[in-house]
Amino acid sequence: MYSAIRPLHFGDCDPSGIAYYPSYLKLMDSVVEDFFASLGAPRKEMIDDRKIGTPTLTLDLTFVKPGFHGSDLTFDIRVTRIGGSSLDLEHTVSANGNTLWSARQRLVATSLKTHKACAWPDDIRAALSHHLETNNA
Amino acid sequence: MYSAIRPLHFGDCDPSGIAYYPSYLKLMDSVVEDFFASLGAPRKEMIDDRKIGTPTLTLDLTFVKPGFHGSDLTFDIRVTRIGGSSLDLEHTVSANGNTLWSARQRLVATSLKTHKACAWPDDIRAALSHHLETNNA
Amino acid sequence: MYSAIRPLHFGDCDPSGIAYYPSYLKLMDSVVEDFFASLGAPRKEMIDDRKIGTPTLTLDLTFVKPGFHGSDLTFDIRVTRIGGSSLDLEHTVSANGNTLWSARQRLVATSLKTHKACAWPDDIRAALSHHLETNNA
Amino acid sequence: MYSAIRPLHFGDCDPSGIAYYPSYLKLMDSVVEDFFASLGAPRKEMIDDRKIGTPTLTLDLTFVKPGFHGSDLTFDIRVTRIGGSSLDLEHTVSANGNTLWSARQRLVATSLKTHKACAWPDDIRAALSHHLETNNA
């Protein structure tokens, strides 16, 4: 499991005083970016040098409790499946031990030249495999 | 069906030159806001006067094709189910007649005082009913 | 003078119930983009075909009154000076006839290949000249 | 001087591959929020309990060099003047020791009840005073 903390700032919240969900997704995407960097695959290098993007194919979101301005959010990422060119992630976002929302995300490694799916490079596949959890809740 | 156009601006796109998906959701949320205004239920009045929020409970997204900077996006909203306090919407987002992505969203009318689900006010329910499509694709 | 309307949506506002100023700037940038498109210079073509960016060099902002969720904002752009590679714009943003904020912006035509300032192409310079106001308030 | 690091993520950058300036301002505002929290004045408490907002009155920005995706940005804040209800801050944002941009910002303590300027509370004034730099560059 990969974990990161993101404080919920004023600018991420809306006039009803709670987190604005599109802002949540910008935060989540920054955590996915840091997760790949932790695997030795910074997104900038993937784009500039390897010409590989990782667009999202599907994303299923469930919001359970509101998030409040000033909270520290814990973003947990679990790798649940590694396909030839796809990757399934489960996200759990919590504050003070309570789950606020969760997400199932499928990414696809994609050539920025052909705009088609491409195989994960071996080093990234190997690094992802260390995070694979076969029996996740 | 409710429809709205949103041009895809520079600031909605990312370094790979295509739409950044969290920006898509900010656009979609603005379309949902305009949809409710078209029903006679502007979000500001709902929050300030009726003390009702419409947070999202679930949101399932499927991204089919990339969206490019400079495109005019057509956001179509279909009402597929009206519950006691919930509302199911189907979104289709297209450019030049091609579907780029789609979404299934469940909103819940929620009291901003008790933070619990509340019944849709009669006028909003009636207005939503005119949009209900029982046999949607 | 070039003018555009932008509704102030929920997602542009903050927990104190008024417009969040970074969101204002994203709206203003989209208006500048539309202004250039109205001159026959869509930003996407400028970047992709002409390899010219128009980064901001200086931006001086003055906020006078708060902007409220649900307002229609009028963005007015005046061209006050056209340099060899620079461009000075004055922005006035109002709601219901009241100025909410204003901005003085200097942009610089910049080669995306050399990252240095470059002369405005003749057609863009000519189109900008039609908007030049020598005696603006 | 107060300093904070903010990594420049993919979602903060634009199709020309550099930081999008409205995203810079959202980052800067989050640093100002953290600066006040470091003074014992978290923005949420100021809004909810003290009913004081700190809207920006003027903001003068100068952009010197582009910021690149993947950089760690250092945000430095200097307090240059503390008025009865105003506060002048100077921001310098750098990467790898090079200044990318700078800002002069005037904030005003404002009652959220009357929407008028109000005096800084004594504890916040005292905490700000420790940061006052009379001879800043």
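Each chain gets a letter, A, B, C and D, in the order it is written, and its residues are counted from 1.
Here, a contact is a pair of C-beta atoms (placed from the backbone, for glycine too) under 8 Å apart; a residue touches a chain by one contact, two chains touch by 3 or more.
Note that the coordinates shown come from a computational prediction; the quantities given were computed from them, not determined experimentally.
Under the contact definition stated at the top, the chains bordering both chain A and chain D are B, C.
Separation of chain B from chain D in touch steps, taking the shortest path, is 1. Taking the options B-C, B-D or C-D in turn, the interface that duplicates A-D in more than half of its contact pairs by residue number is B-C. Centroid to centroid, with C-alpha atoms defining each point, chain A and chain B lie 23 Å apart. Put simply, the C-alpha centre of chain A and that of chain C have 34 angstrom between them. Chain B and chain C have CA centres that are 28 Å apart. Contacts with at least two other chains are made by residues 10-11, 15, 22, 26, 29, 69 of chain B. The touching residues of chain D, when paired with chain B in their complex, are 10-11, 13-15, 17, 20, 22, 69. Residue ranges on chain B touching chain C, taken from their complex, read 7, 9-11, 26, 29-30, 33-34, 42-45, 68-70. Of all the residues in chain D, the ones that touch chain C in their complex are 15-16, 18, 21-23, 25-26, 29, 47, 53, 55-63, 66, 112, 115.
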